[in-house]
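A short write-up of the structure that comes next.
Chain nomenclature is as follows: A, B and C, assigned in order of appearance, with residue numbering initiated at 1 for each chain independently.
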Amino acid sequence: MSENYPALLVIVPLLSAFAIYACSWLHKKSCLPLAITGLSISFLISIGLLIKVLHRGPFSYHLGGWTPPWGIAYELDQINALVLLAVTTVALVNLIATGKEIERLFADRKGAFYALYLLFVVGLLGIVVTGDLFNLYVLLEIASITGYSLIAMGESARAPISSLNYVFMGTIGACFYLLGVGYMYIMTGSLNMADVRGLLPPLYHSSAILAAFIFCLVGVMIKMGFFPLHFWLPNAYTYAPSPAASLIAPLMTKVMAYVMIRLMVSVFSPSFVFSSISASRGIVWLACLAIIIGAVMALSQRDIRRMLTYIIVSEIGYIVGGAWLGNATAMSGAILHILNDALMTLCVFLAVGAVSRKLGRLYIEDLAGLFKKMPFTMAGFVAGGISIIGVPPTCGFFSKWYLILGAIEANNYGFVAALIISSLINVALFFRIIETAFMGNPHTAAIGHEWTSGIQEVSLTTLVPLLVVTTGLVILGIFSGVVVTQVIRPGLTGVF
Amino acid sequence: MASQYSLLPLFAVLTSLCAVPFIIFARSPNTREAVSFLAAGLKFAIVLSMLPAVLEGQKLVFTIVEVIPGAPLQLRVDAFGMLFALVSSSLWILTTAYSIGYMRGLSEHAQTRYFCFFALALSATIGVAFSANLLTLYLFYEMLSLATYPLVTHHQDEDARISGRKYLTYILGTSIGLVLPAMVYVYHLTGNLEFSVFGVLAHKASGPVLAAVLFCFIFGFAKAAIMPFHAWLPAAMVAPTPVSALLHAVAVVKVGVFSIARILLFTFGIRLLESFHLGTLVAYTASFTIIVASLIALSQDELKRRLAFSTISQLSYIVLGVSLLTPKGICGGLIHIAMHAFGKITLFFCAGAIFVATGKKYISEMAGIGRTMPVTMLCFFFGALSVIGLPPCGGFISKWYLALGTLQSQQMVFLIVLLSSSLLNAMYFLPIVYHAFFMGTVSGEASENLIREAPTWCLVPIVATALGSILLFFFPGIFLRLAALALQ
Amino acid sequence: MEFFLTHLVAKYNFWLYIILMMIGLYAMIAKNNLIKKLVGMNIFQTAIILFYVSIGSKKGATIPIIEHSGKTVGHALDPAHYVNPLPHVLMLTAIVVSVSTFGVALALAVKIYQRYKTLEEDEILTRIRES
């Protein structure tokens, strides 16, 4: 049984999704418990897989017993297992935290919502764990389509059109990726990542392989919202329903960044990827632009959730820049940042979702005096903000450390400057909000009626996960040394 | 120098952290303040208990976790850290007492929040004092910045908002913008961030690069209020006076100069600084601040602002002393941390007491106040003497050593700087005392010569710190020993 | 003439799919009507599907089905006689993906029409700005 864990990891939420949808016709109340059970099983399996990888090293699982390259293989190594754990954790914590809100928002459609939620997680898990290029495309589209639907379920009138724009850009991205895979198939005859890795070296000089790499890269960059291909991101994440936003925002773009790193490291080796110094420097400059422009655009936003989406654009810039700097330190920083950013984004989106439940509208000025009314939620928001700014001992500091160190090692001081400037802008971004929440009187216009006296927090089912995530930020920060030296660095052996 | 594993540094830092839940859930103001007192006393006791070991030359170490390979989160109690910790923890007890009197006297709001963040700030201060490497120091430095923000903006009005913004811009902006890249660069050069008596940067980089890194640190630790990054300090005076007193005269600003001294002596090292003449560069930067801040202080009518600029000036004395790189100069700089703390806190306590008792903030209103508040103004006098550097107050000792240090380094310029700024200090402090005692009241109200002092809770700490300043003149031995041991 | 023959005529399938892709892309970007944009998206995806199928073809090869008529195949098969079936199989999946995406996008278009009463993008933007 335990040898089948990699497959079960993906299959259990898949079957749960269908079970939930069927269940929603019969017995609506058990939808949420079923969903939580399915995700919990996946969560436990991902922990088990991480432990197995740390003890025994990377291993692969052949679906259906077919050996690659004819069959589809799931490849598990340290980096994989870490991202898997991040995905299952975020999905599970988010479901527990927003379960009540989902029941309230989608009372008549909750079967559909939970099914889509679980299918989205299935897609992401599959993307991370697969070792086959085409299988990745299929699961990518599963995740994308369910994502589009989840976003379109938002209550705002602008949700469907934002989702439709996301459909267009996302499809172009996925098709570019498919095209790149097609080129690789023509040249190597194989779709298995490890196999292609072995077959590619003699072909590095062919323009077809270069075209394949560029197509795959551009496709993945569209999907991850890398500047200047990010225009779908702010609208899509702002108008999504808040339970979906706090699921999709931490995960989708980061998993796409993982795909980019996987392509760079395991399919096209670094010797090919970094062979053109001007190209990699060019991408790092583009990443610097992404970082700065994301931060500056965030400054000009009045709506807090929109501001957070621009911060995501900035954070993706960190990861892409770190990956393309070309040394082990920066790549470790980028991978660590995938983890950290997933957690930090979950933290702020959960806090903001909780606030929007009470307030309705989310302009900065609506938060006046909120520390008096919702101290724990705001404490969670402050913790997430501090982590995004990069203050030790939260995790955000440590991934910035490795990124800055890697940039110094690569003599790329522009990237260092971009990182520092964006941290300073983040200080302004978050302390604007903290200052408003700290001073002033609780705003009644935003909620349409008077606040009652005393603390008026959201329910415990939201608060406890939020506080767990906040503690997780600090714990992940303190143990980031362990994560980097025991998990990420071994995963990158032989790469640089 | 034996390094001994011990849990005591950890307890010293954690004492006030653990007090925070008790403060939050205390059911009455008396319980809350009793908890604060208890935590303060406990912290001081733990710090004192480590003193004998440190005086023998031992260092107590506690490693928390290895967060970055080569830069663990580690606490180490050495002589320099002990000096700073003694000063902060002893003065915290007195400030807690003073806070109680002040906050109750003015019926301030949100006192629970105040005491909570006060406790957190003290935790962070002791953490800085006992940091074993640059990363740990940075962590506690940032924790202090964040913990003091709610204290500075305590009144939550428009003034507080503006000052809070200034505070954050200067303090967080410089620490993230200057210290962080410099720190990563040092790690890049050396692979670790240790503090060692011989410095860790020898032979690692060229002169200009080292100078750039050094000045990133000097200006980056803006809590030391070196010009031009000093403007947050006068702005932070909108905080309640106990906050101004402990944090801005003793804890926050001393953390800044402590960090700079650590960098100069333990990351760069005396020999490296001498070989590239970096010490002189830093000394000139500090001298500029000393003179200009004193001049600005002369023009200030609001008492707390005058004291703030005086602090800016005095902090650079410490930096100047250390940057002279001579044994007497360094010793003078280090013990000035203690002397200035006691003197300045007395002055701030007096300013607050005057406000609680009479509501007056401006020096021009304070003529004749010595007759209604004789004890307070007498203590003010002794505090002023300490800051000016005249016997029988402790400040004289540190100025004496500083002067000897300039002679040792054979740079007469700095002796002139010291003497002229002492003169300026006298020019802006003594008139206050003179007006208070020997001039009539300005408003012409019938001088009833009623003695109306501040509440007892305020008065006792004022007398205690003033006595402390005088005692330090006669018994400076502990601090001199610690300063001498710091460099071994 | 050589150049024309080798690069254009011999590789006509690649040129065709490029043209189709560009048509699809043009429709997605330049057309105002949402349904036309959707159709453009579908054309884009179809172009890629056609590309994949075309790369599997071989000169003089037949469909990839082995003739049994009762007896087992005792001799080795020459793959050169059969068209490569793998791209066909992959593209079946891709077609399914394309259809699902199209379905979701159409559902979204219906919702947009219900709200804004129009399918022209510029009118939708105007109505968003007004509301």
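Going forward, a residue touches a chain if its C-beta (ideal position, glycine included) is under 8 Å from a C-beta of that chain, and two chains touch if they have at least 3 such contacts.
From a predicted model like this one, the values you see are computed outputs, not experimental measurements.
Every chain gets a centre from its CA atoms, and the centre nearest the mean of all protein CA atoms is that of A. Greatest centre-to-centre distance from subunit C is found for B, with centres as Cα means. Look at where the CA atoms of subunit A average out and do the same for subunit C: the two points lie 29 Å apart. Put simply, the C-alpha centre of subunit B and that of subunit C have 71 angstrom between them. Averaged Cα coordinates give subunit A a centre that lies 44 Å from the centre of subunit B.
Multi-chain contact residues of subunit A (touching two or more other chains): none found. Against subunit A, the residues of subunit B that register as touching in their complex are 64-69, 73, 135, 138-139, 142, 146, 150, 153, 156-157, 160-161, 164-165, 168, 172-173, 176-177, 180-181, 184-185, 187-188. Listed in rising order, the residues of subunit C touching subunit A in the complex are 25, 28, 34, 37, 41, 44-45, 48, 51-52, 55, 87, 90, 93-94, 97, 100-101, 104-105, 107-109, 111-112, 115-116, 124, 128, 131. On subunit A, the positions that touch subunit C within their shared complex are 134, 137-138, 141, 144-145, 148-149, 152, 157-158, 160-161, 163-164, 167-168, 171-172, 175, 178-179, 182, 185-186, 191.
The touching residues of subunit A, when paired with subunit B in their complex, are 386, 389-393, 398, 400-401, 404-405, 408-409, 416, 420, 423-424, 427, 431, 435, 438-440, 477-482, 484-485.
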